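Before anything else, here's the structure in question.
In this document, chain identifiers A, B, C, D and E correspond to the written order of the chains, with residue numbering beginning at 1 in each.
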Amino acid sequence: MRLIDLSTPEGATLALLPELLLTAWALVVLLVIGWRHKTASDMRFVGVLSLGGYVLAGLATAWLAMEQARPDGLAIMVALDGFRFASNALLVGIGAIITVMSLRWLERQGILAPEYYVLLMLATVGMMLLAGAADMMTLFLGLEVMSISVYVLAGYDRTRRASAEAALKYFLIGAFASGFLLYGIALIYGATGQFNFTLIGAQLASTEPTLMAKLGMGLLLIGFAFKVAAVPFHAWAPDVYEGAPTPITSFMASGVKAAAFLALVRLLAEVFPAFVELWRPILAALAIATILIGNLVALAQTSLKRMLAYSAIAHAGYLLLPLWAHSDDGTAAVLIYLIGYSITTVAAFGVLASIERAGARTVQLTDLEGLYAVRPFASIALSVCMLSLLGFPGTFGFIGKWFLISSALHQGEVLLPIVAMIGSGISIGYYIPVVLSMTLKPTRTRSAHQTIRFPRPAKLAVALCVAAIIILGVWPKPTLDFATQEAVQLRRGATPIFAR
Amino acid sequence: MLLGPSLALSAVLFALGVVGVLIRRNVVVVFMCVELMLNAVNLTLVALAQLHGTSGQIMVFFVMTVAAAEAVVGLAIILAIFRHVQTVDLKQFNLLKG
Amino acid sequence: MTSFLASVGYDRWILHVLLILPLLGMPLILLSPVRAARWIALVVALLEFGLGIGLWWAFDASNPGLQFVTDLPWMEGYGVGYRVGIDGISLLMVLLSVVMMPLVVWGSWRGIDHKQRGFYTLLLAMKVGMLGVFVSMDMFLFYVFWELLLIPMYFLIGIWGSANRLYAATKFIIYTFVGSLLMLVAILWMVFQVGKATGTYSFAYTHLLDNAAVLAPWGPWLFVAFALAFAVKVPLFPFHTWLPDAHTEAPTAGSVDLAVILLKMGTYGFLRFAIPFVPAFALSKTTGLVMSGLAVIGIVYAALVAMVQPDLKRLVAYSSVSHLGFVMLGIWGSTVESVQGAILVMVSHGLSTGALFFMIGMLYERRHTRMISDFGGLARVAPLMTLAFVITAFSSIGLPGLNGFVGEFLVLIGSFGRYPILVGVATTVVVFSAAYMLWATQRVFFNRFTNPRNEGIGDLNFREIAVLTPLIAAMFWIGLYPGPLLRRTEGAAKRYIELISPHLPEATLPGPITYGAPR
Amino acid sequence: MTALTVVFGIFAIWAVVSALLCITRTNAMASALWLVSTMFALAGIYVLLQAEFIAAIQVLVYAGAVMVLFLFVIMLLNVEETPREWKRWPVWLLASGLAAVLTAELVTLRGYSPGRLAREISTMPDSMAIPAYVFPGAMGTGPDPRGVVGKIAEPLFQAYLIPFEITSVLLLAAVIGAVVLAKKRL
Amino acid sequence: MTHFVWLAILLPLLGAVANGIIAVRRPDSRRLVSFIGVGVLLGAFAVSLGVLREVAAGHGEATKLLLWQWIPVSDRLTIDLALQVDQLSAVMLMVITGVGSLIHLFSVGYMQEDPGYARYFAYLNLFVAFMLVLVLGASLPVSFIGWEGVGLCSYLLIGFWFEVDANSDAGKKAFLANRIGDFGVLIAMFMLWWHVGTLDYAALAEKAPAVLPYGGTIATTIALFLFLGCTGKSAQIPLFTWLPDAMAGPTPVSALIHAATMVTAGVFLVVRTGVIFALAPVAMEVVAITGALTAFFAATIALRQNDIKKVLAYSTVSQLGYMFLAVGTGAFAAGIFHLVTHAFFKALLFLGAGSVIHSMHHAQHHAGSHADPQDMRNMGGLRKAMPWTFILMAIATLAIAGLPPLSGFFSKDEILAAAFARGETNGLYRVAWGLGLAAALMTAYYMSRLMAMTFLGTFRGGSDVEPHLHEAPAVMTAPLAVLGILSVIGGALNLPSFVGGSHGLEHWLEPVTEPATRLMDALVMPHGSVEYALIAGAIAIAITGLVVGVRSTLRSTIPTPAEAPAETGIRRLLYGKYFIDELYQKLFVGPLVWFSRRVLWQGFDQFLVDRMAVGGTARVAQGLGWLGSRLQNGQVAFYVTLFAVGVVLILRTLVG
C-alpha cells in the first residue's frame, strides 16, 4: 500500500502517471509527425509508435495497481483505487487495440493524416480522466477532452460526406448534452458547495434531498445518458456510428461508452448513494426503453454497421441494470460486461472494417452471403462476436449477461432482468441472420469476397479478441476475481463519511 | 443577495438556448444557442460561487475554456461539412438516417 | 464386470472422459485430411460407446441417489463448479447417447458428401452438449450445455439440411433460444433466494434441491420460466411447430440426434429441475391439469396431424410430438409406474424414431425425396428394409412385445389414477398412431409399384444393416425384457416420487390396492 | 427593492430580450450580435455578483474572441439566407411547449435564497443554519486582499492545478482537431 | 408336459424366424419351408396333446408358469411373463394347434406356387405363436401381447399380396378396427389395476368379487371396455366391417385367422375374465344383445353376397355373434363349445372354398380368363370336377345349419336354449333368442345357396375354363377330410343329456367358469317338453332354410357378374352390406382426415401458431423496428426534440 498525498504536485503527478505518460507520448508523437507525415509508411510508423504510449500508460497503471496506491486522505481531483486502475487498463487496452485495427485501414481508405493517432491518444487520456475522476471539474474536463477528440475523429474521413455529417451531428448534440451535464454540475455545486465526489457524497448523505440537488442529479444523469446513448438520448448514435470511420465507430461503441459507464458507476456510487431511491426509477425506465427500442430497431436494419450501432444501444440498456442494482456485484458486473462487450465490439468492427472497401457504401447484410466459403476466418470471428453479443454460453458475453442479471436479481428485481432477456430474445432476430448469411447462404459475390484483405495487424488483434471471448467464456474466473476485487474497492472508498 | 433571481434568469436563458437549438436550422446559429446555454450555466455557477466561494468561478473559467475549444472544433467541423454540401441548413444534413 | 470396472477406477473418470473425448476429437478432425474425418469420428464414437457402456454395470441400481459424482472447482466464489453425476434417469439418457453415437456416425457415412470435416466436428460437439446436459449437476453448467447444443444443431440443419434448411434452422434456434431465456433468470433467481436463505450462493443442483422449500413463494414464476424452456424442447403442444420443420430439413444424423437426445432434454428437465424445485406449484391441481392436458392434447393432436402428412420425415416428427406427450403425461401422473414409464418412453422413442429417421435417410439417399407419394410397393425391391421399417413402425405404435408398448403402458396405467379421463383420451391414440404409421407404411412399402424410378432403389447394404440391427435388437430387448432397465431407474423414480409426494394433491382414484405380488 | 435589484433587473431584461432576439433573428449575423449583447448583459450581472474577473473574461474572451470566431465563420460561409430559417409552426409550437415545461421545471430554483440554501445544506437545526455560519467568508465581506485576479488565480494554480493542466490537453486536442479538419488538403 | 408348454409357443416362433430368414435369403427353398412351417405346428400340436393329457389327469387346478419378470416396475406393479395352463387354455391350445396344423398342411398345397411362400409360412407360424400367447397368458398384459400380435399377423397376412392396393387397405383396416378394440382392453386393464389391483386372471377371479360391488358402475364399465376389445377382435357390431375385407388374404389365412382362431379371441377373453362380466349384469346384457344382433345382421348380409369368401366371412361374423350371445347369457361353456365346433366346420368351409378358388384360379389361368375366381356367379356345377370338396363342404354346411347329429347342431342348440332360459327372467334375452333363431334360418338359407351356386347346376364360368377344373391335390384334401370328420363328431365333446351325453366340455371347463357362474343367477336350462320343442323347432328351421336355399337358387337364373343388373331396394341394401363401410367412411374417417388436415395441421399449426402467433410476433417486432427506424429520420432537430422530451420527463419525476 502506497499512500499518495494528492494535494501535492508530486502526489498528483504520481497519481496521474498513466495519463501524463500518455499525454507526453502524444506530444512526442506529434513531434514525430511534424517530421514525418507524408506517406503511408509514415502513417504506419506513427501508428506503431503511438502504441508505445499505451504500453507506457498501461505499465504505469499496472505499477500503481501493484503498489496499491491509495490517496492519503481525500481523493482530490482524481481517484486512486483499484476501480480506476481497472478502468484505466480497460480503456488503454481499447485504445491500443483500436490503434492496431486502424493501422492499415486508414491507408486503404486514403486517410493520410497521422494526427489521427495523436487524437486517439488524447481521447484515451480524456476517457481515463473521465473514468478516474474524483471531482466534477476533472470529470467535466475529461469528458470534454474525450469528446472533442472524438468529434474530430468521427469527422476524420473528410472526403466522405457521411463522416463529416456524423461529426457534425455528434458535435451538435454532444455540445447540447454537455450543457445539461454542466448545468447539473452547477446545481450539485450549489446544493453542496463542493466539486469533490467524496465531499458531495457526504454532504448529500447528511441532508434530505433538496430541490437543487435533485435537479442537479437529474441533469447529470441526462448528460451521461447521452454519452451512453440511452433512449431517448440515443438518436445521434446510429447516425454517428454509421458515418464515422469504422475504427472510430468501434472506439465510440466500446471506449467512449465504457468510459461513460465507468464514470457513471463511480458517480452513482460515490456521489449519489443517498439518492438511490430517486435515480433508480429513472435508470429502470431508461434501461427498459433502451433495451426494447435498441433491439427492435436493430431488427429493421440492413446495414451491418448500423445494426451494430443499434445493438450497441441495446447493450447500453443492459448495462444500466447493474447500475440500477447499485451494489458491489453490480459494479463488478459493469466491469465484466464492459470487458466482454468491448472486446467483442472491437473484434466485430475489426472484421467489419476489413470487409469494407474504400469509398463503397456501408456493408449490407446481403454482402456477407457465403463469406465463409471464401474468408472463413473473418466469418468465424464475426460469428463468435455475434454469439457473444447475443450472450451465448461459452462466450464471455454470456458471463457478462449472467453477472448483470444476477446483480439486478440480487436486489430483488425481476422485471428488469426479464426485460433484458426479452431484449436478448429479440436480438437473436438480428444476430443470427448475420451468422446465417455468412455461413449458410450460398456465395453470390465470390469475386467481391476475394478482394477482401484482412490487414495482418488487424487480423492478429481480431484473433486475439476472439480467443479472449472464448477463453474468458470458458474460464472466466481470473477476470471475475479481478473485477469483483476492484469493484469492492470502489464501494469501500465510497462509503459516506457522515452518516445521515 | 441575488441568488434566486440569478438562478431564475439562468433557467430562462438556458431554456431559450434549448428553444433555439430546437427551432433553428442554421447550423451556426444552433451552435450559438448551445453557447447561450453554456452562458446560462455560467450564470448559475457565478451566482452560487457568491456563497460557496471562488471554486465556482474557477469552474466558470474552465467552462469558458471548454466553450472556446468546442467553438474551434465545432466551427472546423461546420467548415468541413460545408465543403461537401455548400449549405449550413441543418435540414440538409440527413444522409445518415434509418 | 462390476469389479473389474471398480478396479480401474471407472467411476472416477468415466464421465469426464465421455465429455472430453469428443472435445479432443474435434480439433483432430479439423486438422486431418478430409477423408479421415469420418473415420476419426467413428473411432471417437466407438471409444465413447465402448467406455460409456460400462456405466451399465458400474451403475449401482440399489442406490437411488447420484453416482459418479465429481465436484471440481470452476468458478469458485461464484457458486459455479464443474459438478457432474448421474442417477438412474440420466444413466439411461447417457447410455442412449453413447449407443447412438457410432450409429449416427455410421449412418451419415454416405449421406454427407461435402464439408465432411465440419460435419463430424459439429456432430462431436453436439455429443458433448448432449452428454453435458444429462450429467450436469450444476445449474450453470447445465445451462451452458443446454444452450451450447443449439449451435452445432443449427449448423447441422443449416448446412447439411435439405431444401428449406435455412428456414428450419432459423426457426429451430429462435424457438429454442427464446424458450430458454427466462430459464436463466429463473436459475439465477433460485440461486439468489436459496443463497439468501442458507448463506451459500451455489449453483449446485443438490444444494438447490435440498433447500427448494424456500423457493415456494415464487413457485409459479420459476415454474413458468423453466417450463417454457423445457416445453419448447419437448416439444409440448402448442410449442411444437418448430419440430416438424427442424426434423424434416435436418440431415439424417441431425434428425436422429434431435429425436433421440435433444427432445429428451426437455422432459428430462421437467423431471430433474422444473418439478423438483417447485413441486407445490408444479404439481398443484391446476398446473397438473394444464400440463397433462397439454400433453394429452399433444398426443392426440400430433397423431391426427401426422396422419395427413405428405412428407415421411414430417410424419415421424409429428409422431415424436405425440410420443413425447406420453412422457409428459407420465411425469405428471406422478406415480412410480408412470414416471418409470415416462423414462422408458424416452428411451424407446429414441430407438424407434431414431431407426425410422435412419431408414428415411436411407431412402432419401437413394431417391432424394421424402414424399410418401413418390414411393409405393417398395417391399418388392427392398424386402429387408420393409421388414425393418415394419418392425420399427410397430415398435413406434406400441405393439406389445416391442419397446414402445412397455413405456406407454406404464405411463397410461400409472397416470390413470390421477387423470382417468385424460388417460382415456390419450389411449385413443393407439388407434390414430396405427392409422398414420400403417397408412404411411402401406403407401411407401406396400401397394402397387407405381413409380419406375424406384426400381433401382436396392435393399439395405451391410452398413445399413449394421446400423439398424442394434436398434431393432434393442427394441425387442426392451419390449420383452425391460427388467434390467427398469431396475436401474426404479431407485431414481422412487426417490423422485418420495420427494414430490408431500406436494401431490389427492388423486382422483384412491390408488391401486397393493397385493402381495409374488416376485 | 434595492438599487442592486433594480440594476440586476435591467441587466436581466437586457439579457433575456437579447437572447430572444438571438434565437429569433433570421439573419445569422444578427443572431450572433444579439448573442454578444446577451453576453455583455451577463458580464454586467457577473459584476453585480462580485465576479469581476469572470466578467472581464466574459467580455474579453467570450464576447471578444469566441464570438468573433463565430462572426468570422458566418462571414466565411457567407450563405444565402435560407428561405425559411424557422421550422414549421408545429415544430415551433412543440419546441416552445417543451421549453416552457423545461423552464417551469428549472425556474423552481428561483425560490432559493441564501437562507434557504443554508438551511438545506447545514446539518444544524434550522434556527441556527444561517448563511453567515454556513457560508463563512462569503457574506458581506469586503474586497479580497488578493485582488480580483488573485482571488481566482491562487486556487487555480494550486488546488485546481490538475484541471487546469487538463485544459491544456483539451486545447491541444482542439487545436490538432481544428487543424486536421480545416486543412484544405490532408 | 405342462411345464414345457412354452415349447408350443417357441416352436412356431422359431419356425417364423427360420422361415423369415429363408424368405430373405433363399425364398425358393419351398421344401424346407414346408418342412419347418408344418413341422413346428405338428410339434406344437404334440406339446398341446401332452398338456391336454396332463390337465385331464390333474385336479382342475390351473398351473401357472413363470417365464420371466416382464415389467417389474414397482412393488405394486410387476407384470410377469407367465403362462397359465388350465382347462380353457388346453382346449384353445388343441383348437389352435390342431386346426392350425391342418391349415398349414393345406397351405403347402394352396400356396405352392406363390413367390412369397416362405414369407407366408413365417407369418403363419408367427400367428400361431402369438395366438398361443394369447390363450396361454396368465395375465391380461401377457394375453395382450398375443392379442395385438395376432392383429399384427392378421394385418400382414391380409395384406400378403400387398401389391394390390385393396389388400393393403384391408390389412390396415383390420388392424385399425382391432386397435379400436385394443383401446377398450387397455382402459379395462387400467381400471382393473386401479380398482382391483391386479391384472392376473387368477388373482382377478379371486379378488374382483370382493372388491367390486355386484352390478356396480365400475364393474360394468370395465366389462364394457373389455367387450369393446372383443367387438374389435371378434368383428361384432359396430366393428365388424373389417372381417369381410380381411378376405383379401390367402384363403387358408381366412380359415385359420378369420374363422377358427383369432376372431374367436374375443369370446375367449370374455370367458377368461368371466368374473368381471358376471359382476356386471348390464354388460352381460349388452354382450348378449350385441351378439344376437350381430348374428342376425351379418346373416342378412350374407344372404345376398356373391363372393364365396364374403358369404363365409359374414357367416363367421354371424356365428361369432352366437358365441357372444352364449357368453352373454352366462353360458360360457356353450360359447366355447360353439367356438370349437365352429372352428372345425368354418375352417372346413373356408378351406373348401379355398380349394374351389384354387381350382377356379388355375382353370381361369389356363384359359386366360380374367374373371373373378371367387365370384359364385362364375361357378356352378363344380360337384363334378371336385367331388371330395363338394362332399366335405356339404357336411360343413349341414353342420353350420345345425342339422343333427352334426357338431353345429349341438353347439348352436345349446346357445339358443341358454338364451331361451335366460329369457324366462329377462325379456331382453328372449329378443336375443328370437334373433338367434332368425339367424339360424338365414344361415341355413345362405349356406345352401352357396353350395347350390357353387356346386350344383351348370358351370357359368365359360366353357374354356371348365375343362381345366380339377380336384385339389391330396395335401389339400386330406386336411379337409380331417376337418370333415371333426365337423361331424365335434358335437361329442359336449353331448347334451337328452342324447345321453354328459355335457363333457361344460364340466371340463367348470374350474375356469365356476368363479363367474357362481356370481350369477343359475341358468335353469329348459327341460322335457320345452327342450324337445326347442330342438324340434331348431331342426325344422334348419331344414326349411336348407331346402328353400337350394331350391330358390336352382330355380332362378344366375347372371354372370358382367351382365348382372343393379340390385334394388332391400336387396341392394343387403348386397351393399347396409352401406356401413360407406357410412363409417363418411361419418368418421373422412371428417377426421379433413379435420386433421385442414383444421389441425393447416389451420392450427401452420396458420395460427406459425403464421399468426410466431410469425405475427416476429412481424410485430419487425414492424416496431421499422417504425423506430422511420423515426430515426436523420434530422438533428428531431433528435434534439426527443432529447428535450427525455429531459422534461426525467426532471418531472424529480421536481414533481
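What we mean here is this: a contact is a pair of C-beta atoms (placed from the backbone, for glycine too) under 8 Å apart; a residue touches a chain by one contact, two chains touch by 3 or more.
Quick caveat, the model's predicted, so the values are computed rather than measured.
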Quiz prompt | subunit E and subunit B - chains in contact with each | solution = A, D
Self-check item: Innermost chain by mean C-alpha position
Solution: C
Quiz item: Which chain has its C-alpha centre farthest away from the C-alpha centre of subunit C?
Solution: D
Quiz item: Based on the averaged CA atom positions, which chain is farthest from subunit A?
Solution: E
Practice problem: Write down the chain pair with more C-beta contact pairs when D-E is set against A-B. | Solution: A-B
Quiz item: Where the CA atoms of subunit C average out and where those of subunit D average out, how many Å apart are those spots?
Solution: 71
Practice problem: Provide the C-alpha centroid distance between subunit B and subunit D, rounded to the nearest whole angstrom. | Solution: 9
Quiz item: What is the distance, in whole Å, between the centres of subunit A and subunit D, each centre taken as the mean of its C-alpha atoms?
Solution: 31
Quiz item: CA centre of subunit A versus CA centre of subunit C: separation in Å?
Solution: 44
Quiz item: What are the residue numbers in subunit A that touch two or more other chains?
Solution: 137, 141, 144, 148, 151-152, 155, 158, 167-169, 172, 176, 187, 190, 193, 211, 215, 238-239, 301, 429
Quiz item: For subunit E, what residues touch not just one other chain but two or more?
Solution: 629, 632, 634, 636-637, 640-641, 644-645, 647, 651, 655
Practice problem: Check each residue of subunit C and list the ones that touch at least two other chains. | Solution: none
Quiz prompt | Each pair of chains that touches, named by its two labels | solution = A-B, A-C, A-D, A-E, B-D, B-E, C-E, D-E
Quiz item: Which positions of subunit A touch subunit C when the two form their complex?
Solution: 387, 392-394, 398, 401-402, 405-406, 409-410, 414, 417-418, 421-422, 424-425, 428-429, 432-433, 436, 439-441, 476-477, 480-481, 484
Exercise. Flag every residue of subunit A that touches subunit E in the complex, lowest number first.
Key: 168-169, 172-173, 176-177, 180, 211, 214-215, 217-219, 221-222, 225-226, 231-233, 235-236, 238-239, 278, 281-282, 293, 296-301, 426, 429
Quiz item: Which of the residues in subunit C end up touching subunit E in this complex?
Solution: 171, 175, 238, 240-241, 244, 301, 304-305, 307-309, 336-337, 340-341, 377, 379-380, 383-384, 387, 390, 394, 399-401, 405-406, 409-410, 412-414, 416-417, 420, 423-424, 427-428, 430-431, 434-435, 438-439, 442, 445-449, 480-483, 486-487, 490, 493-494, 509, 511-515, 517, 519
Quiz prompt | Complex contacts: residues of subunit D adjacent to subunit E | solution = 87, 91, 94-95, 98-99, 101-102, 105-106, 108
Exercise. Report the residues of subunit C in contact with subunit A in the complex, numbered from low to high.
Key: 74-78, 140, 143-148, 151, 155, 158-159, 165-166, 169-170, 173-174, 177-178, 181-182, 184-185, 188-189, 191-192, 221
